[in-house]
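Some structures to go through are shown next.
Same chain, two partners: chain A is paired with chain B first, then with chain C.
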Partner chain A sequence: MNPFEVLGLAPVFAIDLKELEKRHRDLSRALHPDRFIGAGASERRASLNKAVEANEAWRVLRDSVSRAEALFRLAGVAVGERDEPMASPAFLMEVMEWREGLAEARAVRDVAAVMKLSGEVSARAMGSEEVLASTFGPKKPGSHELKLAQVQLGELRFYRRFLEEVSAIEEAWQDELPR
Partner chain B sequence: MAYSEKVIEHAENPRNVGTLDKNDPNVGTGLVGAPACGDVMRLQIKVGEDGVIEDAKFKTFGCGSAIASSSLATEWIKGKTIDEAEAIKNVDIVNELNLPPVKIHCSVLAEDAIKSAIADYRKKKEQKNL
Partner chain C sequence: MTLLEIFDPKAPPRPIGIDLGTTNSLVASVGSDRASVIEDCFGKTMVPSVVCYESDGTVIVGERAKELAAIRPSDTIVSVKRFMGRGADNEETRRMGPYRFVEPRDDEPNVVRFAVEGRPPVSPVEVSAEILRALKERAEDELRSVGGAVITVPAYFDDAQRQATKDAARLAGIEVLRLLNEPTAAALAYGLEHKKNGLFAVYDLGGGTFDVTVLLLDDGVFQVKATGGDSQLGGDDMDRAVAEIVLRKLGVSTEVSSRPEFIRALLDRSRSIKHGLTTAQAVDAEFALDTKQAQLRITRTEFEDAIRPLIDRTGVACRRALRDAGVKAEELDGVILVGGSTRVPAVREFVRAFFGREPLADIDPDQVVAIGAAIQADLLAGKGKDVLLLDVLPLSLGIEVGGGVVDKILPRNTSIPCGARATYTTQEDNQTGFQIHVVQGEREMAKDNRSLAHFTLKGIPPMPAGLARLEIELRVDADGLLGVSATEGTTGIAQAIDVKPSYGLDDAAVEQMLLDAFDHGEGDLLTRRLAEARVDAQRLVLATTKALMADADLLAPPESQRIEETLAHLKATISRNEPALITNAIDAVDGATRDFAGRRMNRAIAKALEGQTIDRVEKAVEHAKGIEAAHGSPLPPER
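Our next item is the complex of A and B:
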């Protein structure tokens, strides 16, 4: 399945997220089972399959990591742990330091430290997304470009994991607030 | 997904959590990451003059299976020679902890961490002997 094709979007990384939501909503409405009550069995089945496909395509495209993965696959590059270059030791060292810093800040309830780390990692994530956006733009990427972008995708997964952890901490702290 | 009892036991009471001095010439440090989930694992060994691993410590930011895999790995390699430790395979960890297929990459990570710590230790020794 080509998720871009399913939702009628150009296969680029920097998609318009509002447009994505609109296409998904319009398509879901057009394919709603209520509209096919009088239709034959095969037509009903076909519309249901299309609705499932539209949901799946929307799910893939709304997330930057899975959107990038879809673009790599379309460019004929396998993605996944075994097919991607290993993260460099220097990068892993940084991630380890961030994770340790975050755990420490959580333990002593240092909100400012959590915000600082979160800002730092968010900026790095944005940098990776910029590289992915310029790789998967209107012009087809070359093999060298794809190689460089693969590293960014790998790093983006680590950033996202870190930022998920930040959200979990923020939620836990919210819950602990006196009411 | 249900964790096996052994995974829960290790995840709740991890052995050998901590750090060794990475600048100590007898300490090897392995740092590995799993891009699929964005988890990181650090495993360190302190090797005696006889080539036996005297101490092992780890720090893992990841799921219960990743913590259990690295905890078990440090338990196993303590008292072994580095050659014996290097022979540990991820399937040994999978079998001991009853890891389900989706968590096999956690055991691979632990095996890689052991190998990377040993490689770091050997590199230090070589540099010293030059």
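Our next item is the complex of A and C:
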């Protein structure tokens, strides 16, 4: 079963995150192994399997990158950096500039510069998510649309990693601060 | 304790909650109206987690053992929790302490062992089992018939530490209903007491461990968002910090300061000094050194300066937990204090400043975990269907791949139970086996993380490098315990795995300990096995009968007949005195109900998701009113 089926959601990118939480919650109430402590081994096993499945589906759908990957798989498109088109030279140039900017800001502890970079990249990430949302909407995407969306997925992965690095830097700075 | 109690011999066994603490342990249960900690005949709630081994083989646990520690420091194990699931070479064994450690031989499991009087060296699992046994006896004195137990563990305990705790319970003859994270237990106790919804942080600083957990309470569901901590940070470290100040001031020789009696006395006095500094600004202490008496004074400022680095370490963990949860301190609805070490004024002040609010501490921080555990035990026994705890994996799980790098398979803070698969291939031509190393932790290199287990996988047909497809599945159950399975993809053969825990006891070792314990005159192992099998059998008969009544329509007549037959056979074997016969009959029922169980589960899922339709209509109405307009996500179409 694909993660959308597991949680009974329509396979679109722009899912209602509150609804997702609620469905996971309701499924957990019904399936969690805590509900089957007194049951026989076969039911305990079945509950464990289904609870694992529900948690896994929830984890995949909560995150925009893994949700997009699930949608590509559903559309029959292989996922993974090896199977996807190469990033454009223009994008790679931008990436290099952002990376250099971050490295410099980190070296001189320029908090404002880091915030600015993180803001820029976040905005770009939202742009990619919008494209993915329009690709994977109620209507089935065509092959051309899927190709364009693949590029956005690749970029979104980069933005995600970049923002994680920003978090790591902020965290390191906070932990160093004398109280 | 109630003085007069009418005892019903047919009353069902009562589930209990156990807080197996570093310094003190407690047992609690839910009575007719509320959960409470079970006291001994002197009205004491806490059992010191201290075990003394006498030369005649006697084992003493608790208050009396604590007194004996002063005169028998090396045979009296204090704070054994800090050694649970740890290797013999762990740094904890090199800290200030009075013990005699035994180095394991090459053929022995790599676990800490203490040399004690009157018996072969004991492992932390065996020491903890003694504490659990004492708690179980205390519960039996009060409740007569004790059922299964919920045992709490620090949220930040890794797999080896959890497994060690479960092994200890098995040795003590306690059925573990669930291993529950301490902060989650505390939140349960608070949540049900105050009937509040919202986002909470639990700051739990105990005798030996620190946990911080961020969780969401929403209509009876306690959903852990993130957890963090340090399983080697607590009050014991504060005691050592005081001890170091004392040593500096006394200027004793290393000859004196390395004597076990001196170390034990020093650590005990340091603890009292720490307790004194909770209210006083300075504590005067007198130390007897050989023939002379030494006087010294320790001020609260000195103490606070010494423990500052420890408190700062809790801050690092708090920041990370908040970040992982995606929450800012000011968004929290409350902060709950747990653990005796949160009585230290500097700790409270830190929590107040860090979270920007007055923390909640109205349930005794020493008792709140045991009370939460008792509530959970009661819930698991079937009371109150509306409460559910959803916990997370505290540390990432991964597999070591080429170059010693970790391939993270399950990231930290994933909701449990969980599972994930990863595929690997062979490095060399005609490679017929795999070496698999499972690790837990956040570091990139395997060697910097906790090693959990090594597996060897054999019998892969010879083929060119890169062709074999080995699929490994890591699974974590609701106790936070790991299971591993592997399949070779090209042949489709599921491989049996040879498990070798890195810092733990394998099944055979625990089994041997059980046998040894019964050799030491702890009654009859067969009797215990029989009792356990009967409890399982009766439970299965009850559950299966109920399932047949509820969902008979899911069964075709031949299947239903087969279940009835195996069930009848099981009922017939319960009275027999052969545990093996009963377990076989249990397995038969289990086999016959496998498909039925799957179908029942699917029905439960359909029912759970069905409830959504109404909610969706309500939501649509809310949207129309514009209440959630800002959220703006499209509604999923009707199915």
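Following the convention adopted for this analysis, the second predicted complex is superposed on the first by the 174 of 179 C-alpha atoms of A that agree within 3 Å, B and C clash if a C-alpha of one lies under 4 Å from a C-alpha of the other, contacts with A are read in each partner's own complex, and residues count from 1 in each chain.
We take it that a residue touches a chain if its C-beta (ideal position, glycine included) is under 8 Å from a C-beta of that chain, and two chains touch if they have at least 3 such contacts.
Keep in mind that this is a model prediction, so the values were computed, not measured.
Undergrad: In the overlay, work out which of chain B or chain C sits against more residues of chain A.
TA: Of the two chains, more chain A residues are contacted by C.
Undergrad: What is the contact status of A:Arg73 with respect to chain B (first) and chain C (second): first, second, both, or neither?
TA: Once the two structures are laid over each other on A, A:Arg73 reaches no partner at all.
Undergrad: Using the superposition on chain A described above, determine whether A:Lys140 touches chain B (first), chain C (second), both, or neither.
TA: In the superposition, A:Lys140 touches no partner, neither chain B nor chain C.
Undergrad: A:Gly38 contacts which: chain B (first), chain C (second), both, neither?
TA: A:Gly38 contacts chain C only, not chain B.
Undergrad: By the touch definition at the top of the document, which applies to A:Arg157: first (chain B), second (chain C), both, or neither?
TA: first
Undergrad: Check whether A:Arg109 is in contact with chain B, with chain C, with both or with neither, and answer first, second, both or neither.
TA: neither
Undergrad: Touch check for A:Arg23: first (chain B), second (chain C), both, or neither?
TA: Second partner only, chain C.
Undergrad: With the two structures laid over each other on chain A, which partner does A:Glu171 touch: chain B (first), chain C (second), both, or neither?
TA: Second partner only.
Undergrad: One more residue to check, A:Glu84. First (chain B), second (chain C), both or neither?
TA: So A:Glu84 only meets chain B here.
Undergrad: Indicate the residue numbers of chain A shared between its chain B interface and its chain C interface, in ascending order.
TA: Common to the two interfaces on chain A: nothing.
Undergrad: Provide the residue numbers of chain C that touch chain A in the complex, in ascending order.
TA: 148, 177-178, 218, 221, 223, 312, 315-316, 319-320, 323, 379-382, 385, 388-390, 414-420, 475, 477-478, 539-540, 542-544, 547, 586, 589-591, 593-594, 596-598, 600-601, 604-605, 607-609, 611-612, 615-616, 619, 631, 633-637, 639
Undergrad: Where on chain A is chain B touching in the complex?
TA: 80-81, 84, 87, 89, 91-93, 95-96, 99-100, 103, 154, 157-162, 165
Undergrad: Using the touch definition up top, name the residues of chain A that touch chain C in the complex.
TA: 7-10, 12, 14-19, 22-23, 25-35, 37-43, 45-52, 55-56, 58-59, 138, 167, 171, 174-175, 179
Undergrad: In their shared complex, at which residues does chain B touch chain A?
TA: Against chain A, chain B makes touches at 31-40, 42, 59, 61, 105.
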